[in-house]
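Okay, so chain A shows up in both of these, paired with chain B first and chain C after.
What follows is the complex of A and B.
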């Protein structure tokens, strides 16, 4: 008679299987999410035609206004994306064009710039929450993975026998023991981050994942919920910025200089906190100017907000009202996840915490393989797990680096260039899978990590050779890549020791803990 | 103090705090401390660590408003703990002297 398993045993089973089966997706989600912390900076790196001219958003707004006045005087709306600390790009679009159809301008001369067509850092951001699946399906798959992450975190806490005793315990070069130590310690030390980032990630799409309340109260009309939650914002976006917005019949009247609205916006939101200016009905008496902040002047995610002015008299017509408690809660949770607040120090904290999360998930995946291998079972499932581990962990790193390399190696004027970059990313990722199927696991690990190390260490070289100028953001990305390259190289060098099959003599000896005494 | 110095101070205090908690445990005391230190020094480690973690929160408050400071405080403590975890087996001396050295550097930088 089989006895019912204890709580710890059943939780251990849940942790193993949920962690393993969703772990691959979770690793990809966490790695791309970590890179997406610096999405704008990666955008900048991937558009070497852009140079930092540091002449501020006020002047840039006036430069853009002159160009729009000369080239699109009769448009129903203008939108100007202003250069910020994180992006030197000044870009304009007219008549409610979508993002990506905009025209980048030289912030000094005001002439259109030829900037290469590239996926940019936005690719990592979109991949992070859709896995490049069709949007709705992707959001559901990622939501399912995030639920699994929460399950794995909670079950992991339950099955961890000595959370406080082993708080700082890491004993390297001891095979399975080391992997378990590393997995446990990276999970426990960063538990607040793991829980926060997973929970807030789910909270972003809460209305989608848990629609019952909206269905019951609003008959499933999600827009009705948002209109009631924030009536002022709804009234504001409802007007003038649609693709087919009818041209107003108001008489002609000169538009004030846009730079002065940006100045007022900076006075309201803080210096460097204005991201965009949009104008409806420019050149007419009912022109409205909306100044939009960057997302990060507070924790609350203030997407779509702005200050609205009369474009002819300059009077302030509308300022954002504080959100009510329910909406504020959701926005603060989303803001905690988006990590747009607190400037660069905060961004680095999120980035490094994200890397440790990746290490935690990766070490869990490897731990499963190490454990099963020790039981010396020659099963085919283990072979599949080992191959997927290599191509998801090392292979994805190679693919991300290949995306950056393709950005510089493909000719700048290539047709459908962004799709070619996409093909490079997925092509290389597929190649790492084939390579992992062909080579024995230890060799596959070592070779792919070495490729990642070389690609990352040589990235600064590629940058210097393929871009005319350099600046602080590109230098930071280059040096961060080089640091990652060192980590990959170090890991590749340690693979023989890491993979020791519980042998008493590891191939490479790491100084055991406490050897200094 | 400028924000960069305050942020560095926050990270250094967070590391010192985690080191204090760590040395308060017998296992890690044996691993890190030299035999010359008296036993009562170990008993002091935990309270000093807790104090230092609290001060890290205060330092974060110099850089950010309260809400953001709490986020940064948690993040700094976690990351400092992870750095300590990685340093201990590979570079135990450095793990011990890092807060002292960076504290002195910070003092020099602040007095300039």
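What follows is the complex of A and C.
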């Protein structure tokens, strides 16, 4: 063997290879995760039939109740998703139907609304943690990538100690140096965010990823673990809302107006913090009404919690008990990842931080190509890397925009419309890969960035032409897309200046801060 | 590491073995360490399990980084072998049950 490498050298090798090989998956995970911060808003954008009627959840609950009473009086359960600040959608489902099988209602007239069948913002959310693979496999692949992210981050910190020493002999102006600076700056600036978002992402699925403790202490019985975590909640979910819940034999009794339960829920959780109402055995003496909060009424992720009332007398039967410290810790970690708390300022902060994470991963991938391009002319592996870089970084941006475009361009009444949108997303993404294989890297970068810029800049126009009304959420998405379009356009504009100077030139020349003018 | 490896096939095998020991051996080590930690923590069963689970990612991360950068492959193998005593601590009641 040759001379053994130093710790910094071997860490550098680990950082390069782990970062490169998992970097493509990580970029896709981080970009879709960043978009998923606004999943509900994108949902709204993708359903232009929905208009904001500022109806308020109390009135909406009563409207939905009237429709359910008239159309499904004998169902064993009703669930009503209420309009919130993030979504004007009022939707009902009966007998434990899953999400997606629900019926959207007009919040004023109470009549069913014809809303186009669309993937919605939920697509980005699901892609973020499964990469659109079969769910369990996808969760494991994303978990593996997340561990690789931690390995890359920590090995990066260890190498960076050395770079910090180099700082004092720093000389500006090498293109590769500039990419390195960009990579380092985006990494160091938000290091706590990168570490937090990756670790909390793993923590959400910790029972799945590391079942050792459950296997050792509970004989592998996960349900026993969950029951012990929150015994009161486990007792609640034992009854009620399942698809197979047996029809109750209790005598008939009128259900109180659901709006008043929503009012009580708002008094408990805060204004605008009620997301849904469910009713078991409506119209019978043992009717139970559960009022559920939005996920972000506090940092702790309150998924599955709620206030349960007697539907006939209106008495409060059950309220969530404070979680024990260890469970609260897990829920806060999950809440930090889901970014549902703190309203819109916090959402924008997460969105911007997520973009910086994407920039760090993307600049790392490009840095590898820039470095290798200097060393070798005909390197097949480098060719593969460059093509994947183009189609994962620029190509995924094009595909995400194509999904939004297909949402408006496909006829609203098309059969299997959501699948057509899915085909548009993956079809365009595949096309960017073929394009990247066909064109020289610089041209591929430039052309795909230009396409992304045009699609993003023209998105507001498409929105105005294809939707009847507009509102603040759609305007925010349109303007954010236009801003992204400017960034894509600026980058695309920068590319040709460099390709003219030949392949060994850096892709971008960024003068480092503090450099001599 | 990678550059010398490219020069001969045996070095590639050594590298591959090292990666397998880091990723799979590291997972086995972490699994056993998590079980042992959950068993040893003097808290309620649920609390001990939750703390051990949340700590497991740090254990795995440390093991992988150490296994990929330490000089001697034998030392890494020794680290992977530490799975057995840790598993014995974590699963001793099940172990006794099995021996009976």
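By definition in this document, the second predicted complex is superposed on the first by the 479 of 517 C-alpha atoms of A that agree within 3 Å, B and C clash if a C-alpha of one lies under 4 Å from a C-alpha of the other, contacts with A are read in each partner's own complex, and residues count from 1 in each chain.
Keep this in mind: a contact is a pair of C-beta atoms (placed from the backbone, for glycine too) under 8 Å apart; a residue touches a chain by one contact, two chains touch by 3 or more.
In this text, all values refer to a predicted model and were calculated from it rather than measured experimentally.
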Handout entry: Partner chain in contact with A:215 - chain B first, chain C second, else both or neither
Key = second
Handout entry: Touched partner set for A:62, first chain B, second chain C, both or neither
Key = neither
Practice task
Give one of first, second, both or neither to describe whether A:14 is in contact with chain B, with chain C, with both, or with none.
Solution key: second
Practice task
Scan A:264 for contacts with chain B and chain C and give back first, second, both or neither.
Solution key: neither
Exercise for the section: Go through the superposed model and pick first if A:53 touches only chain B, second if only chain C, both, or neither. Expected result: neither
Practice task
Using the superposition on chain A described above, determine whether A:207 touches chain B (first), chain C (second), both, or neither.
Solution key: second
Exercise for the section: Classify the contacts of A:102 with the two partner chains as first (chain B alone), second (chain C alone), both, or neither. Expected result: neither
Fill in the blank from the handout: As the complex stands, chain A meets chain B at residues 165, 167-172, 185-186, 189-193, 196, 299, 332, 336, 341-343, 345-346, 349-350, 352-353, 356, 510-517
Handout entry: Residues of chain B touching chain A in the complex
Key = 3-4, 7, 18, 21-22, 25, 27-28, 30-31, 34-35, 63-64, 67-68, 71-72, 74-76, 78-79, 81-82, 84-86, 88-90, 92-93
Practice task
Within their complex, state which residues of chain A touch chain C.
Solution key: 1-2, 4-5, 7, 10-11, 13-14, 17, 147, 150-151, 154-155, 199, 202-203, 206-207, 209-210, 212-219, 225, 228-229, 324-327, 329-330, 333
Problem - Residues of chain C that touch chain A when the two form their complex - result: 1-2, 4, 11, 30-32, 34-39, 43, 45-54, 56-57, 60-61, 64-65, 68-69, 71, 90-91, 94
